[in-house]
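Paired with subunit B in one complex and with subunit C in the other, subunit A is shared by the two complexes that follow.
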Partner chain A sequence: MVQTPIKSETKLPPSTHEFSGVIHRLEAGGAMLPDTPENLMQIIGLYKAYAVPMDFYWRDLLYIAEREFLNPFPFFKYFLPKEYLELHNHYAGDDADLRIWQKGAATAHPELLAFMEKGETFKMPKLFHHLWHDRINMEFAEACMRAMLWHRGMGGKFDPYLDSDEYKANADRAIKAYFQGNPAMLGLYKLFPDMFLEQVRQLSYYSNLGLFWEVMAPVFFEMSDRYDSGDIKNVPDAMNFLVNGIFAVAGRPIYHHVYIRGEIYEIIPKSKGFMWLYEAALPYVEAVFYRTAPFRGTKSYNAQAKQVPDEQKDFHYGILYADVFPVGTAGIPPTLLMQDMLHFLPPYLVDYYSKHCRGEDDMLIQLGISFQRSMYNVTSAVIQALRQALLYPLDDTNPKHLEANRAFFEAQIDRFKRKEARLRDIQRQEYR
Partner chain B sequence: MLSPLFWIPVLGAALVGFWPGGTPARSRSIAIAVASITLLWTFWLLSQFDISNPGMQFTEFIPWIEPLKLNYRLGVDGLSLPLLFINSLLTWLVIYSGSTQLTRPQFYYALILLVNAGVAGAFLSQNLLLFFLFYEIELIPFYLLIAVWGGKKREYAAMKFLLFTAISGFLILGAFLGMAWLSETPTFAYESLTTQKLPLNTQLILLTAIVVGFSIKIPLVPLHTWLPDAYTEASPGVAILLGGVLAKLGTYGLVRFGLALFPDAWATAAPGLAILGAVSAVYGALSAIAQKDIKRMVAYSSIGHMGYILLACAAATPLSLVGAVSQMVAHSLILAILFHLVGVIETKVGTRDLDLLNGLMSPMRGLPLTSGLLVLGGMASAGIPGLVGFIAEYLVLQGSFSAFPIPTLICVICSGLTAVYFVILINRTCFGKLDNNTAYYPKVQWQERTPALILAALILCLGIQPTWLLRWSEPTINAIVASFPAHSYQIASLSQDSETK
Partner chain C sequence: MPDIVDIAVDAGSFKTLVAAVQAAGLVDTLKSPGPFTVFAPNDDAFAKLPPGTIQTLLQNIPQLARILTYHVVSGKLMKTDLAKVDSVISVEGSPIKIDCADGFEVKNATVLAPDIEADNGVIHVIDTVILMG
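Presenting the complex of A and B:
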């Protein structure tokens, strides 16, 4: 197991960066988030609360990508069939392809199944749960997927492949097979081929994100279990567990298969060698944690007043920058995720939130801020993993190597210099 | 039947004040009980009141100090009844919303009840000297309420209030004495006064004293300078009573003792009064726009709205006078909800500064219900249809236009300016982004919400069904107007309208 060494002090002169404290902490093998028991409790509790809906998200994303596919009336795409609910996670359970995490089961989490049965109201037909939003809100997962699709061009080979002739040919085969015997849709496809192709690209991102979260759900479950059993004792422990997880599954293939009338159509075959770390994890972090888009309903942005950057790469509306005070109740994606997580909070977090701010009345906001903290921890893990993959060990004796590491860290932290970033806020425990 | 409206709060004040070991909670409970009885009594009075009778009802007479012609003579008519109701209601709401952390609670609630008694007594008095006594009785409690429980500049504000209102009292007393001594039958009994037989110049002198005296109390520009300090430095509850009750004593006095007793002189002075009303409206609106303190903004808005009442009284058409009474009630309700909500915001957020307030509409960490009600209060004050402010302003403007078109048009513009400053207030306070660093505001309790909800319900109900407000005063107003000299500008009247229909 990789262990990021904790250094007592850096061999370089102190950083003059605005966030020098954070830089030094990263150089010492720590995270952007200060190492306090309260922070640890918050982030682990949130990982657990996030993992349960995530266990639904990845299953449904794969179901939509593989089975619903181009259904022109996908009214029931969030009604997960038993087959996908029982689908074995490739990284959990006794029959896992890669047995890294020991404690979770391969099938859907019991808390998820219990919630799907009754929701937060009472047992009633599925359709009523759906219409009442008394369910897992897949809209959040789809918003993340669309952020990845919309930003595109964030590095890796997966995205350029979606424009390749090979991909178009694979997609064409699948489209024609799916609409076989349906002259109306085939006629439409003839008229507007790009429209259908773009839909398939979106479905490929459904698959991409589903495969990404299939890994992350058991990681988070395992972290929660380890915290409960006392194996994870501090914030760097939590971050290192994530770093190890990232490296362990870095090579997991990212693909897109479609099942049409019992046949598999490989739109993106596993043989292309697209790797989980580079084609799913990093684009996901970039698109969802950093960029996303100004969500409708949270705040009005005036593009003419330059409140929206000209370049997509300069977008900064992700969870690391997010304003957790939603204005209105428009059902915007981050709010929906908070609502999903609220159902699965561990009791110690419920007690903790009850004692602060407005207690139960603003628990959604409190957990939203804990979520922000936990995602800063995940981002720390990604930064450390990238440093480990691309640069030098933290205990390297060569000062030039250490300078290179520092330059890397400083470049990463520069993204949090803008006033919207919450890095400053999460340094304070009273930020709730 | 009328005496309890005065004596219950007086006895209640004594009970609260002398109750042994009175904690804030206990003092508040006793005061609420007393105020509830008074309010129920007012409801009962409303149920017994004969709407079709324009004269005084439930009159009571007890001879008191005959040599001074000071007798205990009470009565109520369509002019005073709505204001009595407002007095009882606002007193109850102010006591209900009283803090449990209050210092010297027994003294505070006793003074509030004394204010209630004094104002009720003034509205009921049918003897000029008795009116003056009640009018002065509430001066000391108000002074103490501002001076003891006010803000940082409370002593300055309280002293200014005391000096101004004392001068007001002298002027009114002088006018009353002049009326009694100069008339053919020296008396202070309201019904027996024969002021209309006095020479016009004498009437004008006496009317001037009345108008200036009550204009200080209302207050109107340029006699208003005590108001921003007093309203702003007073605690929210006291500010509600100052604006909702005390100011109405001034407008009531203008109609009762100015317009009704000196109709000829009033008709002569009316154009000047209309201009004064328009100037007050403009000054109030422009000053409100310039404010950074939301409480001060609401205070200046009050000056503007009082200008409408003066305009309506000056026009003295049946429609405008019904509008004036409606505006008195509407203004009391609207000002009360605004001051209450401003008080809630100040308590929770810790500031009234428009530059610091932001995003309070935020659903979980903000004060969404408070903000929503603030929007409603602002809309009502700006005269948005469907709310009580609209019907009152509409009647005032419609009724006054025929008599004084230019001052009325100026007031119409001021009504638009009201919308401007309330949009500024609401936009900066309620909308925008709640600051993550400061938005750790305490929750608004039900005790703080209830008064605003009651006031909002009344603002909405009376806006949708204005007859519930107008019907009380219409016959009395028609009777007052009937004794008024015929004016060429009186072309609109409610009765004519209803006959046409």
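Presenting the complex of A and C:
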């Protein structure tokens, strides 16, 4: 699946952009991240460490969207039942729609199951692991979902559909079925219909993000396997694997089904034609990689202080802009994810981190910075995929086409001109 | 005169497109009086897509139909008509950029053969599958 990067000489005069080096690298088929063996090791190791908790996230997101649904007291929503741990991933295992992870099974990853059983402590009932906070930080997945819900309107037809009469009618049927025989909740629904409707919209985003990550987990597992076997040799290989992966599953349906007393309620049916690329992947990248919400621990929400932008499009608190050094302190949400990934690092990264900075003491920060590099690589893949889908091949012979490509790359990189962006930092290996 | 579907079948260079249109159940639509303007990617255009793309779409008919209807515009628009506009709205609902300044380009595709007239519209053959966004 990996294509060799195109190494043709660019026929255009050099770019005068502040990040011309990065632009030229993108034009030569590379990534925003410099191609060094050290970078490759860091990003692949982090994909693997991310994929294991992600295997929990997507399962639990779908479980909440499909089964917990409007449970007013969802105390046990992070307690995945057996059927969702055994739920077959559509992109792994023998019965896959398209087998992306070649070696793996379609059910939950063995390292995840081992962690759920023993955690950092020892084997005990789930409830105790949960109360001792020895668990997967599912709140992180929900924060990503909420960023997508709140930012809205980032392209695609999914979000506008949530305001349509058709959606409201579908949701209404499911709400009434769910609370059947519960006059208190049905009465509340009659009084405040929008309160329930908005909850259902949020649940539709649970489903959306779950379906998005169901794809990414096997993609990352496969990349880790290919790196181990020597098939992925450099950063462009890793980026191109992602580009091809994006195209391969672009057409998978995005939907929201709810199961109530053995019946399926199609709140967003597959027949609406919503697609993974337009309705999940691109809005996700915009909401989570670029925007999210200002960290409570680094920005003041004080309206007079004007630290937080007025316009949602100006939000710049995603992983591409995040200051990773305060990870582990109060008010820094990505800490939740870093803590999750810490449990599943491959041995070569544990060794690597032990030799740098403060060794094992600040591993959470070191892995956070590797994670940032890995997400710059994913974003590079998204940029290249968009260029491939909407513009022209890198070896196009028409100079007008090459100019269009350059204008696109420059416009994308313009977003990293603001001083908070970490594009400058990741160019240096000492940033760790 | 034959209709849009007949022309594509007879031409022989639209095997993937015809198969996709059949799978998506759009044959009857494209045989209806219309009229339609179809930007038809030839087999080479489909071959440029990375592996797996078509397989996933063939497994998911509504999504496939959405991509295909992005290649269709209602009304019979010849090259001379398209030269007067910057973009047209596809049946899918998203705009398609048109550039006739030098040559004849539709979004990021180049038209290989314009103005193939059919009973119920017109076909312009393109060298790249166009995508929304």
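In the analysis below, the second predicted complex is superposed on the first by the 412 of 432 C-alpha atoms of A that agree within 3 Å, B and C clash if a C-alpha of one lies under 4 Å from a C-alpha of the other, contacts with A are read in each partner's own complex, and residues count from 1 in each chain.
Operating definition for what follows: contacts are C-beta pairs under 8 Å (C-beta built on N, C-alpha and C of every residue); 3 or more make two chains touch, one makes a residue touch a chain.
Predicted model, so just to flag it, every value in this text is computed and none were measured.
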Touch check for A:323: first (subunit B), second (subunit C), both, or neither?
first
Kindly classify A:365 by the partners it touches after superposition: subunit B alone (first), subunit C alone (second), both, or neither?
first
Would you sort A:309 into first (subunit B), second (subunit C), both or neither based on which partner it touches?
neither
Which partner reaches more residues of subunit A (counting touched residues only), subunit B or subunit C
C
For A:21, select first, second, both or neither according to whether it touches subunit B, subunit C, the two together, or no partner.
neither
Give one of first, second, both or neither to describe whether A:432 is in contact with subunit B, with subunit C, with both, or with none.
first
So, does A:275 touch the first partner subunit B, the second partner subunit C, both, or neither?
second
Which partner does A:252 reach: the first (subunit B), the second (subunit C), both, or neither?
second
Both partners, subunit B and subunit C, contact subunit A at residues none
Touching subunit A in the complex, subunit B uses residues 359, 361-366, 431, 433-434, 436-437, 439-440, 442-443
Please give the residue numbers of subunit A that touch subunit B in the complex, ascending.
299, 323-329, 357-358, 361-362, 364-365, 422, 425, 431-432
Within the complex, which stretch of subunit A touches subunit C?
1, 3, 97-98, 155, 157, 243-244, 247-253, 270-275, 278, 282, 386, 389-392, 401
For the complex, which residues does subunit C have touching subunit A?
49-53, 55-57, 59-60, 62-67, 93, 107-108, 131-133
